[in-house]
Amino acid sequence: MTREDGRQADQLRPVTITRNWLDHAQGSCLIEFGKTKVLCAASASEGVPRWRKGSGLGWVTAEYAMLPQATHDRSARESVKGRIGGRTHEISRLVGRSLRMAIDYKALGENTITIDCDVLQADGGTRTAAITGAYIALADAVEHLRRQGALVGEPLVESVAAISVGIIDGVPLLDLPYVEDVRAETDMNVVMTGSGKFVEVQGTAEGAPFDKAELDALLELAAAGCADLTRLQNEALGR
Amino acid sequence: MTREDGRQADQLRPVTITRNWLDHAQGSCLIEFGKTKVLCAASASEGVPRWRKGSGLGWVTAEYAMLPQATHDRSARESVKGRIGGRTHEISRLVGRSLRMAIDYKALGENTITIDCDVLQADGGTRTAAITGAYIALADAVEHLRRQGALVGEPLVESVAAISVGIIDGVPLLDLPYVEDVRAETDMNVVMTGSGKFVEVQGTAEGAPFDKAELDALLELAAAGCADLTRLQNEALGR
Amino acid sequence: MTREDGRQADQLRPVTITRNWLDHAQGSCLIEFGKTKVLCAASASEGVPRWRKGSGLGWVTAEYAMLPQATHDRSARESVKGRIGGRTHEISRLVGRSLRMAIDYKALGENTITIDCDVLQADGGTRTAAITGAYIALADAVEHLRRQGALVGEPLVESVAAISVGIIDGVPLLDLPYVEDVRAETDMNVVMTGSGKFVEVQGTAEGAPFDKAELDALLELAAAGCADLTRLQNEALGR
Amino acid sequence: MTREDGRQADQLRPVTITRNWLDHAQGSCLIEFGKTKVLCAASASEGVPRWRKGSGLGWVTAEYAMLPQATHDRSARESVKGRIGGRTHEISRLVGRSLRMAIDYKALGENTITIDCDVLQADGGTRTAAITGAYIALADAVEHLRRQGALVGEPLVESVAAISVGIIDGVPLLDLPYVEDVRAETDMNVVMTGSGKFVEVQGTAEGAPFDKAELDALLELAAAGCADLTRLQNEALGR
Amino acid sequence: MTREDGRQADQLRPVTITRNWLDHAQGSCLIEFGKTKVLCAASASEGVPRWRKGSGLGWVTAEYAMLPQATHDRSARESVKGRIGGRTHEISRLVGRSLRMAIDYKALGENTITIDCDVLQADGGTRTAAITGAYIALADAVEHLRRQGALVGEPLVESVAAISVGIIDGVPLLDLPYVEDVRAETDMNVVMTGSGKFVEVQGTAEGAPFDKAELDALLELAAAGCADLTRLQNEALGR
Amino acid sequence: MTREDGRQADQLRPVTITRNWLDHAQGSCLIEFGKTKVLCAASASEGVPRWRKGSGLGWVTAEYAMLPQATHDRSARESVKGRIGGRTHEISRLVGRSLRMAIDYKALGENTITIDCDVLQADGGTRTAAITGAYIALADAVEHLRRQGALVGEPLVESVAAISVGIIDGVPLLDLPYVEDVRAETDMNVVMTGSGKFVEVQGTAEGAPFDKAELDALLELAAAGCADLTRLQNEALGR
């Protein structure tokens, strides 16, 4: 089996991370996985939501959204429809949960970091690119708080990165673009820490249920992909 | 480690399935996993949504919701808030995807089955109880269509059941009630077919990232639990 | 004229009240008027809404809703539509007003009781079953507050019960199921206290305007029906 | 007991009906019950809603609303809040039901009349003024359809008028302004036909439950008030 | 070119201002530009929105809306649609901005004046009639605050009035009714102070772009029209 | 008076137009006016909205929005709030009207072009950058339709560009960044055709009303700015 873009089964698409793409946000990057472009921006502000006040703990939250012309055919704006769709809700929650695993709330102190991941162009893997880029914005927002003297300790306890994997015609593949995504029998998104542990494993049978051997093959591919992304994140952050 | 309700680590809570709990719906059951009570109802109607007309294929969709007093503290109605929350959206999508794996659309013909899973009381595992009970309602709705002579073939190609697993104090446990759920370091929902394959694997690090060995242990527990549930489903359906 | 279910004109359908059907709510019952099933649940909490703070008075409010598969044909969820319909609004207000007549706010102290009436299956008379069952849940929630030592006096000054009456082919009938309801020329819902006084009288000409004699006949039927329901409420509450 | 505005217990406030207050609407009037001012407008258009097409029957519907500065203290716009309140819903439904009793759908043919009742100033009795004025607008809209040759027969089979009654300090009173309305122990709105039959009877215990004798006294007052209003409607319509 | 209603190009339609049309509002008028009727009402209350508290400054805000039967064909209510349309938003903002130019916030003190402009009948020029009438209501609401002793100084620093102008068949015309408005190549709304300065100039090419000479001609017409309206405002206010 | 960024009063900020910034949209550019970055994308599709079918005429529409982190302080998403704000509505309408002036609907045939202007970073002048960039995207979408053979003639009859002008301390200035915008006494947005005519003139007194001389000075500045932008548009389009 040959992939349309000529990649090996275990090869990422070209990944570009342009750090500080924005001027106002406390942390930001434009991250590209092939043609997928996600603008990740983090704002850091003192204080926490009401339900967390006085706890001494910080808070990290995330919102994911797609511009109407990000997709091949224009899709209606959720603001115009007056409601957020299920997919948007689900991915926003996933991004938030994933990033919170990178953070020690106590060390963050009563500060809030809000991360926005806006998909400017979609070609598969938007949620995994969003998580991977959001970590960059998060790290810079933490750094901003550090320079403000607003931190209690070192809140960044881990890095997180994410990648999609899937099975097409029985072959496990890494980092699926849209054309592969729609054909996959099984589709999995994996979020991992820089130290190689799992944060989220979301595997879905699209065409047919899958067995343990297939699951294991996919996880192995994903682990290698996340390790690559972790390296690229470190480079982008100048570590 | 001892569980508060005295169960073994690999033991389900008492499961009760009361089939045909409703009179109007084409299929229904009240399913209980311990104190968790979910009312599952399926309506079967001729015709499919506009975007599927003329395809010869059927459609299955699901909606999950919670009554305000299902939880320990009353929660506001989503109808009153005027919008569906992210969690509701996410679980509705999960239930729908899981049930669609049980169905051969071609054999279903241009008919639509809509399944509602309303949580009357919540004590952990509401989404897995919902999927397990929804399958019963789905099977009866299919039977209803068969009696109407509306089917093209046998649409029920598989059964599906679901269970939650989690790790508490390092110990993998099956079927977590609320008190355990809030303490779990890792939380996983697994949907499987009656033939033992995976439909959905959703593992989330709640307190700490998890490794491959922990993942494997959880999947093994879940597989045994789903097999038990499959047996109970067959009994309920008089197979 | 013979009723389809063989009842006399002044006879209630079989009424079942299953008290404490839920585990978390401070008061609850599943009430059935024939095939109509309504789950009534009351939460009791300290404090009152902002506009009532410092008044020394309590508050009682109610919400009524219907599950999508309660009706013969599935109806869309109001949470999905993003707005509450006029009928739901109207009945919620009726239930709340009716229950507030049972309560002495001063004796309740600054506590709030919220009652949810969720129709699990509808076969006519859902609002009257809701009011009748809600009183049970209310009484148990008051009892809960009493055990907490949160009351100032005895807030339960009255019991309330409700029944529908209507005229079909010129004959006044008690407790109309759906098949009768749709044929009624006049439709009336009557809420009464245990001591036989009126709390609400809502009579509507559906097919033709009605005169005083018809109104009087309907009120007489309703008074007898409410007296029966009051007796059943007392039994359920072990009075 | 003396009423603040010096009226007898069974006396209406000054009622003014200014017919054809608007230029575009097919029927309209500004109706005033004392300081209460309601603008009633009816549009008549060919065709009926989708669910009624091909039935040969017409349709009449109504919407009631209040301007923000109609009340003593400005109230927020429902359009700004993004949702219609329960009270608005309830009254719109009441107005629509009441007017439909005046109409023979068959004679109306497949035409739709939509009536808007907008309260420009509120001083008690807005719903009853709305119904009474809406009948004028309805009659003129029917006349408009007649001139267009769009009718099948005579759709106006009855006139309808409405008035509020209530009990204050044990005394039944007709047509309550706001200052009386807030003090009433029992509050009742009665809609009647020109021939003296009941269309709607909505009695609500506000402060204390009421007995049959009180109910009868209120209905008698209301019948006389509605007869007066019927006479004023006929005058306004030049009958 | 002859105008359908026989007016000169630089002539206003008959303008009527009925001051104090309402009883409850602190200031109000019904203003008519020909068949266009707008009810303007101002409420004055102590206190300012949260974001302005402690500033010593007052606040003025406005909302514009249209009754459903104001237009030739009935339009749906924004409250029923659940959202405010772009046109409504835009005009509300314009009215608010225009009136704020008349006010010295410091002299107003921490008081809020809210102005509602509800179009009862629309025949072109509704936004300009709204602004012109709103000034009357504003002036009376300020007067009300003065009588309450709630003012710090004289907040009414200017009067404001507004008129529409447009070009039809190359001819600049003042105060366009609906029939002219739909035919205009260029459409302009001009808000001016009583002293003849510009507050808002909103010119829009409807059919063809316009040049500087046309713009100047329109502004000249508008200035004369606003001067006339200022005189009528002063008369209405008894100045 | 010296401008903070050292520009002359009549000088534009550095303008960058990156054409075809997106891969899927039929036309797109990233346009930058200093730090203001707007992503403009146009989709071209066959067919027109229902109300225009069979007219032989095409349709052009536009939506403007801002990413939450575009502003100095993060602003809430309109999709999350469930409604579009007045400012967004107003600017979307302005962009749409402006672009429609560039188009001959008849030559466009029954095709629809939808333009999205998403502000990625805001530093004043977002609406004028949006209009200027949208024209580029529009021109490329028209070109796309031409290559498809879907056009009836040449729909691009004009180019449009827009710029903001304002008065600070009595001095008219071109192209205001945020720091100047908040200080301006008068603020004006001007949309012009490539041939130097006016499409929209929107002048607003922010701090004090303005006179004819000031208006004229601002229009002159704007005309020169728009002429510069027209030249940059032509360069970007390779004309």
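The letters A, B, C, D, E and F name the chains in turn, as written, and every chain counts its residues from 1.
Everything below uses one rule, namely that a residue touches a chain if its C-beta (ideal position, glycine included) is under 8 Å from a C-beta of that chain, and two chains touch if they have at least 3 such contacts.
These are the chains along with the protein names UniProt gives them: A, B, C, D, E, F = Ribonuclease PH.
Being a predicted model, the structure only gives us computed values, none of them experimental.
Student: Chains in contact with subunit D and with subunit F: which ones?
Tutor: E
Student: Going chain by chain, each one touching the next, work out the least steps from subunit A to subunit D.
Tutor: Minimum step count, subunit A to subunit D: 3.
Student: Sort the other chains by how far their Cα centres are from that of subunit F and give me the top one.
Tutor: It is C.
Student: Upon optimal superposition of subunit B on subunit D over Cα atoms, what rotation angle is obtained, reported to the nearest 5 degrees?
Tutor: The rotation relating subunit B to subunit D comes to 120 degrees.
Student: Between subunit A and subunit C, tell me the centre distance in angstrom, where each centre is the average of that chain's C-alpha atoms.
Tutor: Once rounded, the distance between the two centres reads 50 Å.
Student: So, what's the distance in Å between the C-alpha centres of subunit C and subunit B?
Tutor: Centre separation, subunit B to subunit C: 33 Å.
Student: Any idea how many Å lie between the Cα centroids of subunit B and subunit E?
Tutor: Chain centres of subunit B and subunit E, defined by C-alpha means, are spaced 59 Å apart.
Student: Could you put a whole-Å number on the gap between the CA centroids of subunit C and subunit D?
Tutor: About 28 Å, centre to centre.
Student: Going by the touch rule set out above, which residues of subunit B reach two or more other chains?
Tutor: In subunit B, 82-84 touch at least two other chains.
Student: If contacts are counted as defined earlier, which sequence of chains do you get going round the ring from subunit A via subunit F?
Tutor: A, F, E, D, C, B
Student: Could you please specify the touching residues of subunit D with respect to subunit E in the complex?
Tutor: Contact set of subunit D toward subunit E: 22-25, 28, 35, 39, 41-43, 45, 63, 65, 67-74, 77-84, 88, 114, 116, 118, 120-121, 123.
Student: Spell out the part of subunit B that touches subunit A in their complex, as residue ranges.
Tutor: 83-87, 89-90, 92-93, 97, 101, 158, 192-193, 195, 197-205, 209-212, 215, 219
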